[in-house]
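Below you'll find the structure, written out as structure tokens, and then a few comments.
Each chain gets a letter, A, B, C and D, in the order it is written, and its residues are counted from 1.
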Amino acid sequence: MIGVAVVGYGYWGPNLVRNFSEAAGAELLAVCDVNKDRLAAVQGRYPGVSITDDYESILRDPRINAVAIATPVTTHFRLAMSALMAGKHVFVEKPIAASSEEAQKMVDEAARRRLVLAVDHTFVHTGAVRKMRELVDGGLGEIYYYDSVRVNLGLFQHDVSVVWDLAVHDLSIMDYVLPSRPVAVSATGMSHIAGEPENIAYLNLLFDSNLIAHVHVNWLAPVKVRRTLIGGSRKMIVYDDLEPSEKIKIYDKGITLNGGSQANGEAVRQALVGYRSGDMWAPHLDMSEALGTELKEFIRCVEHAETPLADGHAGLRVVRILEAATLSLAQRGRVVELEPVRRVA
Amino acid sequence: MIGVAVVGYGYWGPNLVRNFSEAAGAELLAVCDVNKDRLAAVQGRYPGVSITDDYESILRDPRINAVAIATPVTTHFRLAMSALMAGKHVFVEKPIAASSEEAQKMVDEAARRRLVLAVDHTFVHTGAVRKMRELVDGGLGEIYYYDSVRVNLGLFQHDVSVVWDLAVHDLSIMDYVLPSRPVAVSATGMSHIAGEPENIAYLNLLFDSNLIAHVHVNWLAPVKVRRTLIGGSRKMIVYDDLEPSEKIKIYDKGITLNGGSQANGEAVRQALVGYRSGDMWAPHLDMSEALGTELKEFIRCVEHAETPLADGHAGLRVVRILEAATLSLAQRGRVVELEPVRRVA
Amino acid sequence: MIGVAVVGYGYWGPNLVRNFSEAAGAELLAVCDVNKDRLAAVQGRYPGVSITDDYESILRDPRINAVAIATPVTTHFRLAMSALMAGKHVFVEKPIAASSEEAQKMVDEAARRRLVLAVDHTFVHTGAVRKMRELVDGGLGEIYYYDSVRVNLGLFQHDVSVVWDLAVHDLSIMDYVLPSRPVAVSATGMSHIAGEPENIAYLNLLFDSNLIAHVHVNWLAPVKVRRTLIGGSRKMIVYDDLEPSEKIKIYDKGITLNGGSQANGEAVRQALVGYRSGDMWAPHLDMSEALGTELKEFIRCVEHAETPLADGHAGLRVVRILEAATLSLAQRGRVVELEPVRRVA
Amino acid sequence: MIGVAVVGYGYWGPNLVRNFSEAAGAELLAVCDVNKDRLAAVQGRYPGVSITDDYESILRDPRINAVAIATPVTTHFRLAMSALMAGKHVFVEKPIAASSEEAQKMVDEAARRRLVLAVDHTFVHTGAVRKMRELVDGGLGEIYYYDSVRVNLGLFQHDVSVVWDLAVHDLSIMDYVLPSRPVAVSATGMSHIAGEPENIAYLNLLFDSNLIAHVHVNWLAPVKVRRTLIGGSRKMIVYDDLEPSEKIKIYDKGITLNGGSQANGEAVRQALVGYRSGDMWAPHLDMSEALGTELKEFIRCVEHAETPLADGHAGLRVVRILEAATLSLAQRGRVVELEPVRRVA
């Protein structure tokens, strides 16, 4: 049984509190927030949980083994680092930090102290995304492309662009699902309110192979779309997160390449490509709440010193791409190389 | 009454022949093709129309005032130029030519001889696209973005990339619908068959304003999508060409900017953006065959020396973008500037 | 400020409790249930509310002016009657009672004591259904038909058929929306589990006009459908309750009857019917929680001695149809006449 | 090689002519129609085919072995009977005749003369319907219900109701797909134009088992729907004929009945029904033109004296149901028994 504190009870914090309060293996001991009203709400609903606006008291409490951080991204580094330095395991909202430099320091600190550092890439724990990973591992064949559209009339944010707000979901999914890692990024976008960050953006991820990935994110769309296409040499996937149950559809469709020289004229060239159209299949998915699964994994990792699916390195990789995309956005889509993530020796 | 010949009776030619044979104001006199079987098919169906495999005979025939060209793009220049030089008006399939240099010469030649040069940007004559133009002209407000997805499991072509095959439709629609012209292009894409042109591509069109346009084209998609979003400051459009009747939906949705300084802290900034969600409306559209409308317009332009909606300049503008996109594709998405289309003095 | 008690904290009770606890004008004083665990859940969440398993204590409490009943339908009569006899206003789940005889007695008792008797026909308070009523009142023209499909893989119930479980929603909507009342009912259906009530049923409602209404309800459908068509002489509605926002679509489609004798042969008869296809329009709907609106209305009715939209008579009318449908089901779809609802003199 | 004549070149005749003219094993020799313009259209398109307005000349022509009849339903009996009496095999549009008495005579005459009598139940030859039959034969388990909705804003007919126009499709599909035959019919409907036949109708088909079938047909619907649900004890089907390719979806969903007495109280009863939700699967379907397949079958049946899938008996069974439904419609939905189809000894 590990003792847990949740820091931040704003938009996402209540979900962490609810799930930790129901999770076997963990005891939710305290909730910390700077806002008194929010703390009162916690008290009313969870009378047995301590409330505090003093983060230091959390860090000093020896019964608390792990801290879950659901505060604005600019505070992640400070809160997570002090928790790690106080010997606490850390679960932190995505993106893991406001810069790759910060994220790298968090990763290094956790590694040095052999503490679990997990980032809340929630989608990675949904039945749909796990099924996609399974299919990418076997069934789809060589992966040709990954294309995601994530648009709606969304809350404009003033401190981060739509890339940090929406594309972070796609990047965390790709980090888990794709068989290789991007080597460069380009992004174009536009702000339609003077002085504000981009509210529409298109990201290209380049790989050292013939895989190509693309993300369209938009806070100013008339309809909500959450749709990903994955093209493979053998099969293809449509992942529509707005479908109530059949979120993943697998198409036995594609092209078949016939052997033979391409040089022998048009007829032979035409014969090179055949078309295949077979069954479509929507597998039954585990529909249990992703956050519950994720916290269960976090608790197990803390108890057994294991590494979570979405660890600090995953969080760092995603932040590197967000940074590179931001740089590219400012330079009309210039390709920005991604340096490989360094692992602590 | 103008005399017309159709050159090329392959994929699209039969539609030209059928529509010209039914068009008031035109008499379909001849069909030319190099393939005897195709000519026999014409004869069986249109016993009154001459057939020939000798293009020169078309050019020499004084009763023929106009030539419609539906042959492979690499032959457009040669066939159209000799027709213009023979004093014939020309209607040519899209893209108008294989290069902007060719297209420019065609435009110049037509201008010099005061002949009509029309390019078959068919979509421009659909009820849906005309309605979009009407809405862009009044109702949508300032145009913020144009986003199009045109993907399916399509025939792989060996001589041109998916950009020349599919994006040409979007570029011709944008050329007609948007209030301004792009100044630069970038494109990324990938070929998944060694030695073949790109079968997936993403185009960004940059403008001298805060308008942004983007096109996703793909021959290797599991599902067919033909969907365009247009975001305006007052209203937004979803254009789904696969809908049988409600192809255009207009959303009274968006953001409203409240006046006031952005400098006075977070609360004031939050108050800057309000959200609006009102009715949706799908106007009744003219569903008559676009090609019929288009040929009627061509005939009228020939008779009255008018300029068609999609004239040689429109064809040239689209080819310039296709060329720039091809160049960008080969250079990992480098931004390629578009030089303005020169008009003959 | 009126004092309220909620009786029954099973499936729907928690929604009543939450909404009453937030409603201006009412004070939630007590919750009553026979199950100790449920009462404990209430206490944890609403520390200020009394809990009890003794319904009599509710009836004796002079601070309690109104009782909301969310218990199994067979108990509605007993609980509601004793509340009315104790001088309490009553809000009761649908169907209002297990028989029209019971419902009639409740209606009479409430009338005699000038107490408010409301039935929870929740849909009547949704933005979608209110918009439909508005359109039926003006815009649709003469109402030709009402057709509803309400099917899914639903929980099989052992005490009531699918008609009492699902069709009750449609009947309560029709009771509010349609311009006239049915005069007869027929129903066919089938039980696919020996000894259990019907799990699929089709209801026909007959009117004293050329309006026809039909409901298909099914607990054993592979997909969830909640779709109603309303045909009018001028316009038609599609109401799809599963659409997240555009639940109501209004089609300017229909036929137009041209004057002229029908007797003068085929040509004249053909000319009788013209077809009209115009715009489609999805009005913005009030998306606030229906139950909140409904309880606000109930409180207002109690305070000002007004009659709620869905009063005891509405509840009685719906139960009469359910009874008639049940009788018809047992007799292979025999038409069962509905006697008009008697009003207390 | 059999010689064929097509009688009637109105709405459907051209499809018969085109398919017969391309069918191996048959030679299209003549087309007969009373309208000179239609005959001229045939001549222009099929110069090798004789045209005539004299049906007797068709019957006298010894080279003609089979006659395909695509004329108004009231003429089917006279034309088909005289063809059979002239020794011709007959292929006739659906419904096979205007009454069961007529149909019975046609069946008897064909049997007596050992001629093929086929009815054009086209849907039976589509890939989708054949797949449904395959699934009903094995995979779905016991068939619980068949529910079809076939509605749109359709052409009002003056001589027959919507049942004869639209429900005939569903009845022909059911006749082929379902494992048993209906024993009784009831139907309710309404005409919304005084003096005209019903434009909306609901049919119930009753069986000697716990199978139930229902059809909703409507000429006055704002949207086009072509959707059939088939519920089985093991799997369920959704057949949506408007889907371009995935017309058939098979759901591994349903209930499971657990053994055990129903008498032992609520807990045991609850345990009786379990719910199952597994994969969904859309099989690849043969998309070739159904009419081509059907005529190929007809030719083979003529050549080898075989019985077509949709023979005269099938046509008769469907007409019996149409007649019974018409009777029921006139009597407010009274159940009308179907007498079993008699086979010639």
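Rule of thumb we're sticking to: a residue touches a chain if its C-beta (ideal position, glycine included) is under 8 Å from a C-beta of that chain, and two chains touch if they have at least 3 such contacts.
As the structure is a computational prediction, the values presented were derived from the model and not from experiment.
Judged by contacting C-beta pairs, the busier of the interfaces A-C and C-D is C-D. The most distant chain from subunit B is C, comparing centres defined as mean Cα coordinates. Distance from the subunit C centre to the subunit D centre is 39 Å, each centre being the mean of its Cα atoms. Averaged C-alpha coordinates put the centre of subunit A at 43 Å from the centre of subunit C. Taking the mean of the C-alpha atoms as each chain's centre, subunit A and subunit D sit 53 Å apart.
The multi-chain contact residues of subunit A, meaning those touching 2 or more other chains, are 277.
The touching residues of subunit D, when paired with subunit A in their complex, are 245-246, 252, 277-284. Interface residues of subunit A, counted against subunit B in their complex, comprise 144-145, 147, 149, 151, 153, 156, 158, 184, 186, 188-193, 195, 200, 202, 204, 206, 210-212, 214, 216, 218, 220-223, 229, 231, 233, 236-238, 249, 251, 253-255, 257, 262, 266, 269-270, 272-273, 275, 277, 332-333, 335. The touching residues of subunit A, counted against subunit C in their complex, run 44-45, 47, 224, 244.
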